[in-house]
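Dropping the structures in below, format is structure tokens.
Two complexes come next, and they have one chain in common, chain A, joined by chain B in the first and chain C in the second.
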Partner chain A sequence: MTFFLQSFFSGILSGLAYGLLGLGLVLIFRASEAFNFAVGEFLVLGAFLFYIFYFTWHLPFLVALPLGLGAAALFGALVERTTIKPLMGRPHLAMTIVTLGLANVLAGGLQATAGSDPYSFTLDLPDLTVELGTLIYPSPQIWAGILSLVFFCLVLLFLYRTRWGLVIQATSESQPKALCFGINAQFVLLLVWAIATVCIGAAGVVIANLGALSCQTSLVGLRAMPVILIGGLDSIPGALVGGLIVGVVEALTGAYVEPMGLIGFKEVIPYLVLLIALFIRPYGLFGTVRIERV
Partner chain B sequence: MKKISLMTLMIVLTFSVSSLWAQAPKVVKIGAPIPLGGAGGAYIGLGWGYNDCQIYLNEKGGVRGKKIAFLVEDNRWDVTTEIAILNRMLTMEPKEELLLFCGNLITGTLKALSEKINREVGIPSIALSYSVEMFGKKGGPGKYPYYFSIGPDYAQQIGLLLRYIKKDHKKASPPLLAVVYSPTEYGRDPLADLKEEAPRLGIKIVAEEEMAITASDVTAQVINIRKAQPDYIIWHGFLPRMLVAPVFLKTARQYLPKVPILGTHYQTSTPMITAGGQAADGLIGVNTLVQWYETPNPFIKLVHDQGEKRGRKLAEGERFDYILGWALGMLGAHAVDVAVASGDLTREGVRKALEKSTWDFAGMYEGRQFSYASHKVPMARVFKASFSQRQWNPITPWLNADEELK
Partner chain C sequence: MLEVENLRVVYQEVISVLHGVSLKVRDGEITVLLGANGAGKTTMLRTICGLLPVYDGKIIEGNVLLDQTSLNRLDSSAIVKKYRITYVMEERPVFWYLTVEQNLKAAAFSRWDREVPPDIEKVMTIFPVLGSLRDTKAGYLSGGEQQMLTIGMALMTKPKILLLDEPSLGLAPLIVRELFSIIRGLNKQGLTIFLVEQNAHAALSVAARGYVIESGRIVLEGPAEELIKNKDVREFYLGAAMADQKRFREAKRYKRRKRWL
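On to the complex of A and B.
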């Protein structure tokens, strides 16, 4: 039982970080119906920007984090202005394909500037390690859970408790209707990309703190795919639930299935769960069921 | 009649000599694939090592008048890419010019191309792999006559670590060992030997975990290891630029802060300390070469002097690779030197030169003698990492693995 609890709650803590990553993608999908395939590169870039302020310039965490994520937001806005905005009114698939190209350009650019060495990444935060008998939850994992949850709640507060959040929701519901009400949909899209980049960058910071930061960290971005497809592409709570499902399933598979000889199965299981979820609920657990009249 | 015969003889002789002269290469080409991207990371220092070694040799007028050219190409630490590069070099480059391969040569590539290199083409290949299958008891010169390595094979390296464990373990109960490796040819290579050797030394293997080289979270595997309560962990099959390496170190330090972690050559490198940070402190490992900061060593002095002469500003992590580039380059050049001296500058001549070599890399091994007949340099040392010094400190003198593990 102890072993189960150890693995289960480790999965929950990782799952919260996956949920935050998924939230970034859901926001973009709701606003522009595009899937951001450059999520992994956004994650690495956000974490590297924070790295510069925190590790290179030695600013305090509470200063470096907003500065790093602010820089990430500016980058997200710039990407939207230069690659997404020109495609407005075109098929949504075009935007998705642009993000594929963007992923390659960013991957090359990151490797050229940051190199391929992993960067040691340990945040100097209070030690919150929990030890209960043989159970142990190290501080970085607990911080990953706390920070992810805080960011998730902040984004929810912004979306549901502020005027701009309401505007984003309205635009996400229907761009033409929002335009009719005098909402500047183009600016809203810019704002959404900036917020989404902050979410993805914040996820990058907490994930890097679990190990290290390198250009290869971008592969974690692939985890966002099962997360949001299981939860529902356009569902904010779905991103959180999807993240938790992926985190827990991964942890339990690593603990119980891999020792049976199925080594590496932990990497595959999220996609297997995704496949099963899509068979049962093609729009994800909380996704909107769309009926298209022909 | 006599005059005609003499003229014919002269013409034949002239053609023979000129064709022989034409066949003798002016440039000796050495195929040198290196990773500049991919999952293994970029080993820029390795490239600079070849580059500066080539300049150094050619500035001196080449090796006995023959210019040396390293054909450096990016293999992306990918077996398929590396095979394509080697095949292309074999097809495109003249046989009398391309005399050896000397480079990254991933364990997977050595296995895939073993038939071609050792039976069909016959080109000496000095690898950065220490594969047991190629250089261990079941491989070696009899089976792979054209493969060479620059250190003890991975099984021998692990053998040295197991002996360290046996000596270090103070409890009455037998030492409990967990094994961590990557799911690659490289990672799995010494497993069978390890499982055979550990029980023979009274060491019990209690956990075995594979970790994907791109994994960013290994908590589940480390929890499994923690459950088995090992006294020591041996990890193998990871390069310092693989993301999983620092991730594993950090996670292991969180869950198993007091369990010593021991590694083979590539885990025992300065980039591993840079990447692992505080988590790398106290790591133990076997390394087959001399370290950048061991400046009294004549080989390192040569490397430093040449690096400074070329204005090479190397990052901390790149210095380890720079030494590798120089070690491989100089060994290749030494083999060419011996081959030219013996009048047999062919692939076979270079192979024979390597096989008979007792060259000690300009004094790297501090006067210790060894034989290269087994196609590998049997020398290595055990090191301990110091994060505050950002370096590996030797805790043993140079050990001859062939003798130590008899």
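On to the complex of A and C.
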């Protein structure tokens, strides 16, 4: 039982980080109706930007984090301006394809500048290691959970409690409608991409903190796909729940199935769960129930 | 005064929709634009309020002028914000997944100031039905309620000129009547209204001037009371059959006479 609890809760903790990652994608999907395939590269880039401020320039964590994520936001805004905005009024598939290209360009660029060696990435944060009897949760995991949850809540507050959040919701529903009421949809999209990049970058920082940072960390970005597809592509609570499901399933598989000789099954299981979830609910667990007027 | 001069508009570089349209919307009046489906009415409104780029359309000739200032190159948010022209799209452009109150707030975004909450209350008194539906998602409202909300949202942008695209679309006759009395009321308070309609009778009864557009050209114009008496308008838009066309089968809906040149 302790073994189960141990892996279950560490799954929850990494699931929170996946949820934050999913949130970034959901925001982009709702606003641009594009799936951002460059999520893994955004994640690594966000983590590297933070790395520069924190490890290279030795700024304190509370300064480096906003600076790093601010730089990530700028980057997200830049990507939106240069690649997404020119495609306004075109089919949404065009933007999705652009993100595919972007993923390759960024992956190459990161590889060229940072090299392929891993960088050690250990945040100097207060030790929060939890020991409950035989249960042990190392500090980085706890911090991953806490930071992810904090970011998730901040984004939710912004989205549901401010008027900017309101127009983001409105623009996400329909750009032409928003435009004709004088909402500057272009700027709203810019904002959404910036916020989403911050989410993805923050997830990158906490995920890198669990191990090390290298260009291969971008593979974690693939995990975002089952996360938001299980939860529902356009659902914000779905991103969190999907993240938790993926995290827990992954941890439990790592604990119970892999020792049976199925090494690497942990990487596959989220997609299996995704397949099952899509059979049962094609829109995802929390995908929008479309308002239908009869 | 809002003027459109010799406007030519194409979509996707090739599909020509408006072929040299000129019209005038005088301050403080209701001007109506009549036309069948596909005549270019909606394109006209999109052009005025700067929404063409969103639909991959382009002005290739002509001008949209507001008091002699050209609006051609401006984007929609500038037109709403600075020139106070608000376009209300057809089919009731409310945000379905927001509540009534959130809809009104979102519409007021371009001019956010302290006046917004009192203005929301004001809209609620103009349309009492919205007051009781404050926290309902707009997608669940009936067509009539959605249309009231749409006009309420348009008012939240504090327009000087309101462009209405087929407000009567899909509404019951009684609601249409209520709607047009509201439109007339707004006009009495000094709002200039440019109304695009297929419901010619209702529209001409509130309007001061009217234009008839066919295949991207203005074919008739004049004061509303003259248009309502015009033989062609009566035949094509008011449904009055000619003596030799009593059988429905023979009445070609889109029969057009060459009325220009």
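Keep this in mind: the second predicted complex is superposed on the first by the 288 of 294 C-alpha atoms of A that agree within 3 Å, B and C clash if a C-alpha of one lies under 4 Å from a C-alpha of the other, contacts with A are read in each partner's own complex, and residues count from 1 in each chain.
Quick note on the criterion: a contact is a pair of C-beta atoms (placed from the backbone, for glycine too) under 8 Å apart; a residue touches a chain by one contact, two chains touch by 3 or more.
Note that the coordinates shown come from a computational prediction; the quantities given were computed from them, not determined experimentally.
By the document's definition of touching, of the two partners only chain B reaches A:Ser10; chain C does not. Of the two partner chains placed around the shared chain by superposition, chain B is the only one that A:Ile136 touches, whereas chain C remains out of contact. Between chain B and chain C, it is B that contacts the larger number of residues in chain A. Looking at the shared chain after the overlay, A:Arg163 reaches chain C, while chain B stays out of its contact range. Looking at the shared chain after the overlay, A:Pro176 reaches chain C, while chain B stays out of its contact range. In the superposition on chain A, contact of A:Leu210 is made with chain B only, not with chain C. Legend: residue contacts after superposition of the two complexes on their common chain; A:Ile280 is shown touching neither chain B nor chain C.
Contacts of chain A with chain B, set against its contacts with chain C after fitting on chain A, share not one residue. The part of chain A that touches chain B in the complex is made up of residues 3, 6-7, 10, 14, 111, 115-122, 129, 136, 138-141, 207, 210-212, 214, 216-217, 219-220, 250-251, 253-255, 258-259, 263-264, 266-267.
Listing the residues of chain A that touch chain C in their complex gives 88-90, 163, 166-167, 169-170, 173-186, 288, 291, 293. In the complex of the two chains, the chain B residues touching chain A come out as 37, 39, 41-42, 44, 183, 210, 212, 214-221, 223-224, 226-227, 240-248, 250-251, 254-255, 271, 274-279, 315, 317.
In the complex of the two chains, the chain C residues touching chain A come out as 49, 51, 53-56, 75-77, 79-81, 86-89, 93-98, 102-103, 105-107, 109-112, 137, 139-140, 153-154, 156-157.
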